[in-house]
Amino acid sequence: MTNKIPVGILGATGSVGQKFIELLTDHPWFEITELGASEKSAGKKYSDAVNWVMQKPLPDKFGEMLVKNCVPDFNSKLLFSALDASVAGKIETEFANEGYIIVSNARNHRFDEDVPLMIPEVNPDHLELIKKQKYSGAIVTNPNCSTIGLAMALKPLEEKFGIEAINVVTMQAVSGSGYPGMSSMDMIDNVVPFIGGEEEKMQTEPSKIFGKLSTDGTFNSADFNISAQCNRVPVIDGHLECVQVKLKNKLSRQELISAWENFSSEPQALNLPSAPRYPVKYTFNEKHPQPKTHRNEGNGMTVTVGRLRECNLFDYKFIVLSHNTVRGAAGGTILNAELMKAKGYLDKIL
Amino acid sequence: MTNKIPVGILGATGSVGQKFIELLTDHPWFEITELGASEKSAGKKYSDAVNWVMQKPLPDKFGEMLVKNCVPDFNSKLLFSALDASVAGKIETEFANEGYIIVSNARNHRFDEDVPLMIPEVNPDHLELIKKQKYSGAIVTNPNCSTIGLAMALKPLEEKFGIEAINVVTMQAVSGSGYPGMSSMDMIDNVVPFIGGEEEKMQTEPSKIFGKLSTDGTFNSADFNISAQCNRVPVIDGHLECVQVKLKNKLSRQELISAWENFSSEPQALNLPSAPRYPVKYTFNEKHPQPKTHRNEGNGMTVTVGRLRECNLFDYKFIVLSHNTVRGAAGGTILNAELMKAKGYLDKIL
Amino acid sequence: MTNKIPVGILGATGSVGQKFIELLTDHPWFEITELGASEKSAGKKYSDAVNWVMQKPLPDKFGEMLVKNCVPDFNSKLLFSALDASVAGKIETEFANEGYIIVSNARNHRFDEDVPLMIPEVNPDHLELIKKQKYSGAIVTNPNCSTIGLAMALKPLEEKFGIEAINVVTMQAVSGSGYPGMSSMDMIDNVVPFIGGEEEKMQTEPSKIFGKLSTDGTFNSADFNISAQCNRVPVIDGHLECVQVKLKNKLSRQELISAWENFSSEPQALNLPSAPRYPVKYTFNEKHPQPKTHRNEGNGMTVTVGRLRECNLFDYKFIVLSHNTVRGAAGGTILNAELMKAKGYLDKIL
Amino acid sequence: MTNKIPVGILGATGSVGQKFIELLTDHPWFEITELGASEKSAGKKYSDAVNWVMQKPLPDKFGEMLVKNCVPDFNSKLLFSALDASVAGKIETEFANEGYIIVSNARNHRFDEDVPLMIPEVNPDHLELIKKQKYSGAIVTNPNCSTIGLAMALKPLEEKFGIEAINVVTMQAVSGSGYPGMSSMDMIDNVVPFIGGEEEKMQTEPSKIFGKLSTDGTFNSADFNISAQCNRVPVIDGHLECVQVKLKNKLSRQELISAWENFSSEPQALNLPSAPRYPVKYTFNEKHPQPKTHRNEGNGMTVTVGRLRECNLFDYKFIVLSHNTVRGAAGGTILNAELMKAKGYLDKIL
């Protein structure tokens, strides 16, 4: 018997669902007690339903669990959603209407005006938006993987200097498209300069993430100008981004680096289990950051920044590296749930 | 006995030198009669001196040639230089002083004010600069591989609309760093966001390439604002570039595409042997261009452009793909020599 | 109007079907006039039905063709089959019963006792088996891609020395599993030591290929002992095989090399359009053959052998490299059709 | 102040030297107090002398250490040698003559008749050979990386069934050739079927490893017949081997699997810090083991075996996967030192 909070995974057989299982296996607060997936999988033992692609083997206790249908008869009231966007919208709404708290990695509800689009280090106060929800439960979402790394790197700058414009070109890992995802025929000796819908997400999500929620409940999006170009490269994990920014207050290179080095936020203050000691790290090696070398910094939750230099067209340019399936997906979602727990947002289901 | 012009290769054992040999093997105008390399190789049979890394086997006739020292006692008066930048400056000057015409891929003389930095489709008139040279011979250079693809894609736009600002982020192939070049330890499951000196080259060379040479001999550099960020990716051949431009005259997407599709220049008019039928091709497939699929367009001499779309920060953004060792190095240099021949600049050595 | 033989492709939208189109585009004897595929594609323009993955662009004339259902109402009587094994057996039989000559790359009829399992350089006399067929048309098959490279390398040895036992371990390219085929998640920084059904094919097909067809029509399989182990590696094209052989007559290393170097067969004697000048080439460079360097030898139709050395357990061991989608699939099938044409087996449909 | 045994690293700047540092950083018994390298590095801070290529960052305490020359004036008497074979022979002898105990990963002394070629799970009794050494110190070596995985997988079989013949074909990771090692030009979209000296090592080392040391001190090599073929594939870490064996006693597939599953040896009995719980693990998934999925089993010290099947030419064939720089190099060497400590062989220097 344990005192941990029982949780379920919706969409447990996909690669993000598997990552949730991997990251929650020894979690100090949460314990997976139910796994949900599509009708095709429901009723099977999880080990029979899943094509396990994580690097560590599937723990036996999960392999033996029976997969459930994604209908609102779960015993655990806290659910992590790794559902595919083709079904997530409707299913998440059904669960939230039945009192479940959904912490989701799916994109469907990201722009609902009463749903927080959360990165705990960036906009923890947006959790307040939940109060506007008419669900008996709740829905909280996290941004797209490529947006998260970007927003984490921008937050310390935005706080200190204000941001006017952002230009970003990404080189994204194949794990971002799930399994099987990208064909090896396209990813050996090649780069694909297109990821469906990705540029649109990167151009719209930051405005909501950096929006201001007033005490009277009004919400104003940030008015950034953003251009994004997204490429898929032959890398397993780790999104690399070439970022250029125009700042409202022009400050020195050293001031920017200090802003990153000194950045710490609510997850660090609350000492959340998945919070990295350093949410952002600056590296001085001119060849860094690189996916293979830096993706596991802070157990995949630290975002690494490097090569800050002045720009002929913007104020500054620099490189950002984040682990797309940890900080950029399952790990970020878990950190959202931890923040909710720490701030009392789970009390009603406990 | 042949009527072809005898030519030599300086720096014949390196990977660019090998590419010269590959591309000149059946050339209709030029015939390789001498191979030069460092003292370490001089005196050896070429097949013993070289670590041949081209995909097609080394033709026997070149394998049997004795490698010469790079001193000005060559019989052929036209020399292609693939010399390393550490020695190219001095050696090329020595040869030019002794009456040799040097068509070079090395960077050393690129910014000499009397040396053309040539792309035949872009600035063929710059050949006139040679007349200012005090050499009894001559030196002509071509730009850096990543600059060439960019400049080719920009030329039709610059002609019709004028360019104010250029932002470019590259994903460059490993062949650009020669052999052995990048370690496989750095290029499997990884991207390296740094290439020494490359960003500086891309930020300075276009201004000279697009500069105006007046009839009175005065030369004015173009006044572009350029920012470049350069990355190395696990691709053998083919540099991909994400480009953003601000134009002087705002025109429609269709007008830009037409400018590329209708672009043709002096090498096409002169029907030069290495000139591609289409110097620039626009592709409408949203996943294109890609290195593996498009690098060999026009025998590696065509630059492919795709994904033209409006930009939130500049006027337009698009993708450029060019073969870095053909159009971007040896092939481009050979086209320079062909242009010189066609326009009479080789007459004095024939 | 042309005098070429009109041909159709069955299964034209898959990657082998596309390779047939690529290789037949400028064929001197055959002209593609019909393209067949599944019901899902039938009625569409080929360019709309296909996800073209070849490196050269799809020629417009094929893009405009309407795709037909694979039912026996084709006008062309010679059909190349790139059908999937799940449907090939039945469809090929239907066409053959209606008088069509099917030259197939599918595995379904390979072991029918009246169907030749053909490699033109290895067992051209097996074409005689057709005479036993009760079809008004005919079916001819070629072996599995990994078997073809092996059989080509063994043929000169078998002729001169006799073969007792064969051990082979393969490292096979991803194009062998079609498109999308292998996931990039499995093929970046990884090897997969399993290919479904492949080891069984390599262990059984050589016995039929090297079987003896007597003048009285009796057929005796060769009695090789074969063990095969098959691995998938991150290579686009080109299967590499580590081969060990026990020979009936023990001869010298030099005699084996001479056997390969002097090997020539009926396709070379008949000067068939797709026949390589050298069906097998021996390389003396100890690091060769390699997929990237040698797969395009003889336009992908030459098999390269290297590193012949004595073996502690067998007589000799060596490395074999062949292009799996050219010599090992579409190119091999086309050579089969060329041999049939040259030897009069197509006369009845002309 | 700590009670740990002070140790030094010879050849600390190379990639194996770095791996020693990584693996010894928090070792419960050993503490690195000195780092030795070539004259070029001596006198520098380690962080200035090294090009650190490990995935985790270099701990500061080692970065600050001054690199020493590799001459026998070290304070720590236990030294791990990652020296290059070009200098290891002489340097290791010098140190051993001066009373140092050298636990080496270099190949130079492997076949000295009084030097153990050790894998702690396979031949721990060979440590006795040290008593024959005339050094005031001692030298112990470990086998080549590809041999270690093979020998670990064979040990349980050899114990139970006896081995007559071994055939092995390897697919080896690039980290095996150090840094920079293999060029990316050779390892993108390619396999290199040659590793200098590797096949010879695999064919000779097992006979010594499985040799019998009698109580009277006589040593008899095992009389295996072995053939090895070695290939380099585009994988960062993890050697995959296709193995075939002929056994003295013919037993069932299940008996072999049980032998692996029940295998445990002296490091497990002694509970050595680096000893994996399971030295060998058998996997029943037909697509396993794979480098990416299994190399980190048991912190890189477990060898994974899979796909056991009957063989047409030998008795059985199966797949072996081991981490080449952990179990196959630095980790294996450290386990050797741990065994020596546990069995009293370090007493004289403590």
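As written, the chain order gives the labels A, B, C and D, with residue 1 at the start of each chain.
Basically, a contact is a pair of C-beta atoms (placed from the backbone, for glycine too) under 8 Å apart; a residue touches a chain by one contact, two chains touch by 3 or more.
Everything numeric here is computed off the predicted structure, so don't read it as measured data.
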item	value
Joint neighbours of chain D and chain B, given as chain labels	A, C
Target chain D, source chain A, minimum contact steps	1
Contact-pair overlap exceeding half with B-D, pair selected from A-D, A-C or C-D	A-C
Degree value of the rotation bringing chain C onto chain D, based on Cα positions, nearest 5	180
Contact-richer chain pair (by C-beta pairs counted) among B-C and A-C	A-C
Distance from the mean Cα position of chain B to that of chain A, given in whole angstrom	43
For chain B paired with chain C, centre-to-centre distance based on mean C-alpha positions, whole Å	40
Interchain centroid distance [CA atoms averaged], chain A/chain C, Å	48
For chain B, residues contacting two or more additional chains	186, 188-189, 234-236, 292-293
Residue ranges of chain C touching chain A (in the complex, touch as defined)	53, 174-175, 179-189, 234-236
Complex contact set, residues of chain B against chain A	165, 167, 169, 171, 186, 189-194, 203, 225-227, 229, 231, 233-236, 240, 242, 244, 286-293, 306-307, 311-314, 317, 319
Residues of chain C defined as touching chain B within the complex	55-56, 188-189, 236, 292-293, 296
